[in-house]
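Consider the two complexes below, in which chain A is the common component and chain B and chain C are the respective partners.
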Partner chain A sequence: MLALKSFKETLLRLLQHRTSFAGLLIVLTIVVLAIGASVIAPRGYAETDPVNRLLPPSGQYFFGTDVLGRDLFSRIVYGARIALWVGLLVTFIEALMGVTLGIAAGYYSGIVDKAISAVTDMVWAFPPVVLALGVVTVIGPGLTQVVVAIAATSWPAFTRICRAKVQSLVNREFVLAARAIGETDSSIMARYLLPNLMPSILVVSTLVLPSAILYTTALSFLGFGAQPPTPDWGAILADGAAQLRIAPWIATFPGVFIVITALGFNLLGDGLRDILDPKLRI
Partner chain B sequence: MGALARYAFKKVLIGIPVVVFVTLLLFLIMKQVPGDPIRMIAGERVTQERIDELRKSWGLDQPVYIQYFYWFAKVMTGDFGYSYVTRQPVSYLVWARLPYTLELTFPALVLSYVFGVPLGVIAALGRGKSRDYVTMGISSFFYSMPTYWLGLMLMLVFGLYLRWFPISGSTSGFESLVLPMLTFTLPFIAFSARIARTEMLEVLGEDYVRTAWAKGLPSTRVILRHALRNALIPVTVMFFLDLPWIIGGAVIVETVFSWPGMGSLLYKSILRLDYPVIQGVVFIIAILIVICNITGDIVSATLDPRIRVEPEKA
Partner chain C sequence: MATPILSVEGLRTYFYLSGGVVKAVDGVSFTVNEDEVFCLVGETGCGKSVTSLSIMRLIDHPGIIEEGRVLYKGKDLLKLPESEMRKIRGREIAMVFQNPMRSLNPVFTIGDQIAEAPMTHFDVPSRDAWKTAIEFIAKVKMPDPEVRAKSYPHVLSGGMRQRSMIAMMISCEPSLLIADEPTTAVDVTIQAQLMDLLLEIKKRRKMSMMLITHNFGLVAETGDRAAVMYCGKVVEIGSVADIFREPLHPYTQGLMNCLPIGTQRKKELEVIPGTLASPVNPPEGCRFAPRCGFAMGECKLHEPPLTAGGKDRFVACHLYRS
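And then the complex of A and B:
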C-alpha cells in the first residue's frame, strides 16, 4: 500500500526508469555545480572587468561577458546555488504549511475542514504570480521576500493531496486501533498518518520545486526578486533582455539552465510518482 | 428548478463572498504598503494643509473599512476611481486593455486544447513506446520553460534574426500577435498534453473500457466513444480552471512584449504604487477567476451527472 518502500528498492526502480534516471543525472549535475561553484567558476560572480564588456562566448569566457564585463559562466554557476537553495526553501515552507493544514482538514471533518478547504480553494484559484506580486508590493523587493511570497501562495497542492489521503486513511483499522489505545489526536496525525503520506509528499515536493524555481526567477526577472549583484538566473536574464540586440548570449544561457534544472526535477518527479504513488494527480 | 440549475445557483452564491474576500484582503494589504500616494502625487514642496486637503478629497482620511465600503459601492456602479498617476478613470484604463489580454489569452487556451489533447491521447495510447517518450519528453521540456525566456528566444530568432515578426508592441495587427501568442500557447499545449495523457491512461484501465475491447468493438469506437469521452471531462474542467493561470502568465508575457494588456497594466501600476488601478485590475481578475471556476463546475456537472450529488462524508 502506501507505506514508504525501502529507499534501496525505490532507487533501484528509479535507475531502471529511463526518463527519471535522466532527471536524476541532471539534478545531480546541478547540485555538483552549486556545491563546487567556488572551484568550478573561473572568476567571482561580482568581479567586474570594464575592458572586457559584452564579449561573445569564447574559450576564455565560455558564455561571454555582460555589460560590466563579468564572466557569465561564473555567474551562472554561482546562480545554481541560489536556484537550488530558493527551490528547496520554498518547497520546505510550502510543505510545512500545506501538509499541516491538509492533515488537519482531513482528520477533523466539519467546520475545520470547511474553513481550511475554502481558504485553500481560494488561494489555489488565484494565479501565484499575481498573488506574489501583491505580497512583494507590501513587503518590498528582495530574494527573501520572493521566497515568502511564492511559498505563501502555492502551498495548496500539498493541502489538497494530504487532505484526500487522510480522508481515505482516517477510518482504517490502524487509526481506529490507535484511537482505541488512547493515542491523542496530535499523536495520531504525526505518528500514524504522516508516515503514510511521506511517499506522496516526496512526489509533490519534487514536482513543486521546479515551479518554485520558475516563479522566483520570474519575479527576479520582473525586478522584484534578487537585487544586483546577486547572480540569480532570473535577474541575469533581465539584464540580458535589455541587451538582447547586441549581446543575445546574456539572455540565452541563464534560461537554458533554468529549463534544464526544472526539466531535471520534473522528470525525476514523474518517475517517483510512477514508482511511489501512480494514482497521484498533480 | 432542476438539479443542475440548483447546483449552478449554489455555486454562484458561493462565488460572491470569494470576490468580496479577495478584494477586501487586497484593500487591507494595499493600506500597509510603504509609500504615501498623496506624497507621490503632490510631490515634496507642498504644504501640510494642501496634503490634508488632498487626502480628504480622495477619501483617504476615513477608516479603512469605510474606504472599502465606499470603494465597493462605487465599483457596483462601474466606478473604479481614478488613477493616482494619469488621473484617468480606472474603468477606462482597464476596459481599454482587457480586449488586448483576451485577444492573447483566448486563442492560447483554444489552441492548447486543440493541440494538447490529441497529443496526450497519442502518448497514452502508445504508453511506454517511443511516441509516448517523444511526446512527453517534448512536453516536459516546454512545461519546464519560463515563459519570459521562451518569449525572449522567439523574439531573438523570429524577430531579430529572421525579421518575420515585430519584436514588441501591438501596432502591426496580427503579425505582432504571433510571438506573444506562441509564448503563451506552447507551455499550455505541453500542460494540456500531460493532463490528457494522465486522464486517458486512467480511463483506459477502467473495467468498462476492457469490456468494450472484449466485446470486439472496433478500436476507434472504443477509444473515441468509451475512453476519450470520459477522459475529456476532467480535461475540459481543467480548461476552465487554467484560465486564471493564463491571466497570471499575462503579467509576464505582456511585460516582455510590451503588449498593452491588463498584465502589463498591473505590472506598471505596482511599480508606481497606483492603488486604484491595482485594485481595479485585481477585481477584474478575481471576477474572471470566479466565473471560470463556476463555469468549470457547471460544465463538469453537465458532463458528469454524478458530481451534482453532494458526496456523503464517509
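And then the complex of A and C:
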C-alpha cells in the first residue's frame, strides 16, 4: 500500500539525478539482456565450433570466440541472466532473514535484542567467501551452494539498518496509537513498521546485490561456483585468464561486464539514498 | 449516585532505570463515572500520562506496573491476559495522544489508518472498513471526507491530523476515551474546536472521557470531576466546581494562585516555591511538604492518606485530618 504517488515522484527525481540515471540505464540494459537472452544472443551459450576457435571480435562474433569456438557475446548475454538471478536471489534471502531479525530486535528490547544482535555481530565478522569455500569443500562446488553461503553471511547489513530504524520508530506515537487500538505485535511489525522501512531496505538492496554478484563471480572464477558449460561471468573470466596472452578479449569482456554491472547498481543505490533520505523529505 | 465505569485503586508504576527507581505513579486511586468528563490535572512529569498508559497496559520496559487494580466495568484489566486486553484497547477504551504530528503512520493514508481499528476488532472486510472510515472522517467534521481519506498525514494540518486521530480512536465506539493532552500541540483556536468536537462526540455517544491536561482553563470549561496529581500521587479529588470554588490541598491552592484571572489585574502571578520533587528520591512524608507554606512537623514524617474532605471530595493533607 506504499504510495503510488511517492513512487512516481521517486522515479521522476531519479531521472533528474544524473549519476543515478546512468546507473538506472546500466541496470535496465543488464535486465533486458537477461530477460531477452534467447532472442538477443545469436548462438547458444554452449554451442561449440572447433573451426572458429579463439577468433578476435568481429562483425560475426561481436566479442570473439573462446578456446572451444563458443560465441563470447552469446555467453555473456546468457551470463547476465545468471548474474542477475544470483544477485536477486541472494538479496531476497538476505532481506528476508535480515529484515525479520532486524525488526524483531528493534521491536522487542531486552533479551531478544541482545541475542539477535550478538548473532548478527558474529556473522558480520565472518568473511562470506571463506564460508562459501568451506561449504563448497564439504558438499562440492555449485552455484546453489555459493548462493546459500553468501546469503547466510551477508544478511547482517539488513538487520543492523532495520534494527536501528525500528528503534527510532517504536518511540513514535503512531506505534503506541496502533497498540492503543488493539493491534497485535505481529501486525504492528508487518503493517506499521515494515512499510516505513521500505526505503532503507531498497537502498541496502542496491548495495547488497552488486556485492553478491561480485562474490559469486569471484567464487566461479576460482572454480567453486558455476560449473561448465554454465556461462557465469566469473567462469568465463577464468577461462580467459588462461588465454590472456593469445586471446585477451575472452577475459576482458566478462571483466568489463562485472565491473559495469556492479557500478550500475551502486550508482542507482547512491541516487536512491539521496532521494529517499528522510532528512530531505518533509 | 453515578455508576463508576473505571476505578483505579492503589496503582503503582515504577521505572527501573540505571540511575534508580522512578516511582512515576505511586499509589494512585480515582474513579471515572459513566457519562462524565474526568480530568487528571498536574504538572509535567507528575505521572498523568504514565497513569493513562498503565490503565491501557501500554507500559514498556523498563517500566513495570507494580501493583494496584484497574477495574473497568468490574473487570480488573491488570489481570487480563494480553489477548483479552487487546480486545479492550480501541474497542472499549481508546486513547487520543498529545502529538498529532507523530501519532499517525506517515506511509498510510488516514483512511487506511482509521479503517484499521474496525478491521482489527470486528473483522469487517476492508471495503466496509473504508466506508466506516469515511463516515467517521465526516463525523469529526473534516471537509470532503472521500478526498481526505486518501490523504497522507503529512499533507494535513495539525488540527486535521488530530481530528483524524480522534476519528481513528472513536471508530469502534469505545465506552471510555482517554485523551492525553489532546490539544497541547495545536493552536488556541484549534484547541477550542477540538474540545468542542470531543465534547460533542462524548455527549452523542454517551461516552465517558478521561481528560489529561495541565491546563486549568480546560478543566474549568469541560470537566465534571477532577483529580490533581503531584509527584506520582493524587492529592485531591472532587467536582470541578468544588475544586475551583474551594481548593483544599495547598498544592491545588498554589496552582490556582498561578492562574491569571480575567477580570482582575494582578501585578504578578504567584509561583509555588521550589521545583517538582524527584520521583526517584521523593521527600519523606508528604511529597509536597518542602514546597508547602503550611507544612507542619507531621508532614515531614508521615505521608497523608487520601481522606474524605467533604461531600464527594478527597484530599491527601494533614491539615484536614482529625
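The rule is short, and it goes like this: the second predicted complex is superposed on the first by the 272 of 282 C-alpha atoms of A that agree within 3 Å, B and C clash if a C-alpha of one lies under 4 Å from a C-alpha of the other, contacts with A are read in each partner's own complex, and residues count from 1 in each chain.
Throughout what follows, a residue touches a chain if its C-beta (ideal position, glycine included) is under 8 Å from a C-beta of that chain, and two chains touch if they have at least 3 such contacts.
It should be emphasised that the depicted structure is a prediction, and the values quoted were computed from it without experimental measurement.
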{"item": "Fit or clash - chain C, chain B, common chain A", "value": "fit"}
{"item": "Contacts of A:Ala125 with chain B and chain C, given as first, second, both or neither", "value": "first"}
{"item": "First (chain B), second (chain C), both or neither touched by A:Ser109", "value": "both"}
{"item": "Larger contact residue set on chain A - chain B or chain C", "value": "B"}
{"item": "Partner chain(s) touched by A:Glu173 [first = chain B, second = chain C, both, neither]", "value": "second"}
{"item": "Which superposed partner A:Thr252 touches (first chain B, second chain C, both, neither)", "value": "first"}
{"item": "Partner chain(s) touched by A:Val138 [first = chain B, second = chain C, both, neither]", "value": "first"}
{"item": "Chain B versus chain C as contact partner of A:Trp85, first or second or both or neither", "value": "neither"}
{"item": "Minimal inter-chain CA distance - chain C and chain B, angstrom", "value": "8"}
{"item": "Residues on chain A lying within both footprints (that of chain B and that of chain C)", "value": "109"}
{"item": "Of chain A, residues touching chain B in the complex", "value": "18-19, 109, 122, 125-130, 133-135, 137-138, 140, 167, 171, 210, 214, 217-218, 221-222, 234, 237, 240-241, 244-245, 248, 251-252, 254-255, 258-259, 262-263, 266-267, 270, 281"}
{"item": "Complex contact set, residues of chain B against chain A", "value": "18, 21-22, 26, 29-30, 32-34, 133, 136-137, 140-141, 143-149, 152-153, 155-156, 160, 198, 241, 244-245, 247-249, 251-252, 255-256, 266-267, 270, 273, 278, 282, 285-286, 289-290, 293, 313-314"}
{"item": "Of chain A, residues touching chain C in the complex", "value": "1-3, 109-110, 172-174, 176-184, 187, 191-192, 195-196, 198, 282"}
{"item": "Chain A partner contacts - residues on chain C that touch it in the complex", "value": "56, 58, 60-61, 86-91, 94-95, 97-99, 102-108, 112, 116-117, 120-121, 152, 154, 165, 168-169, 172"}
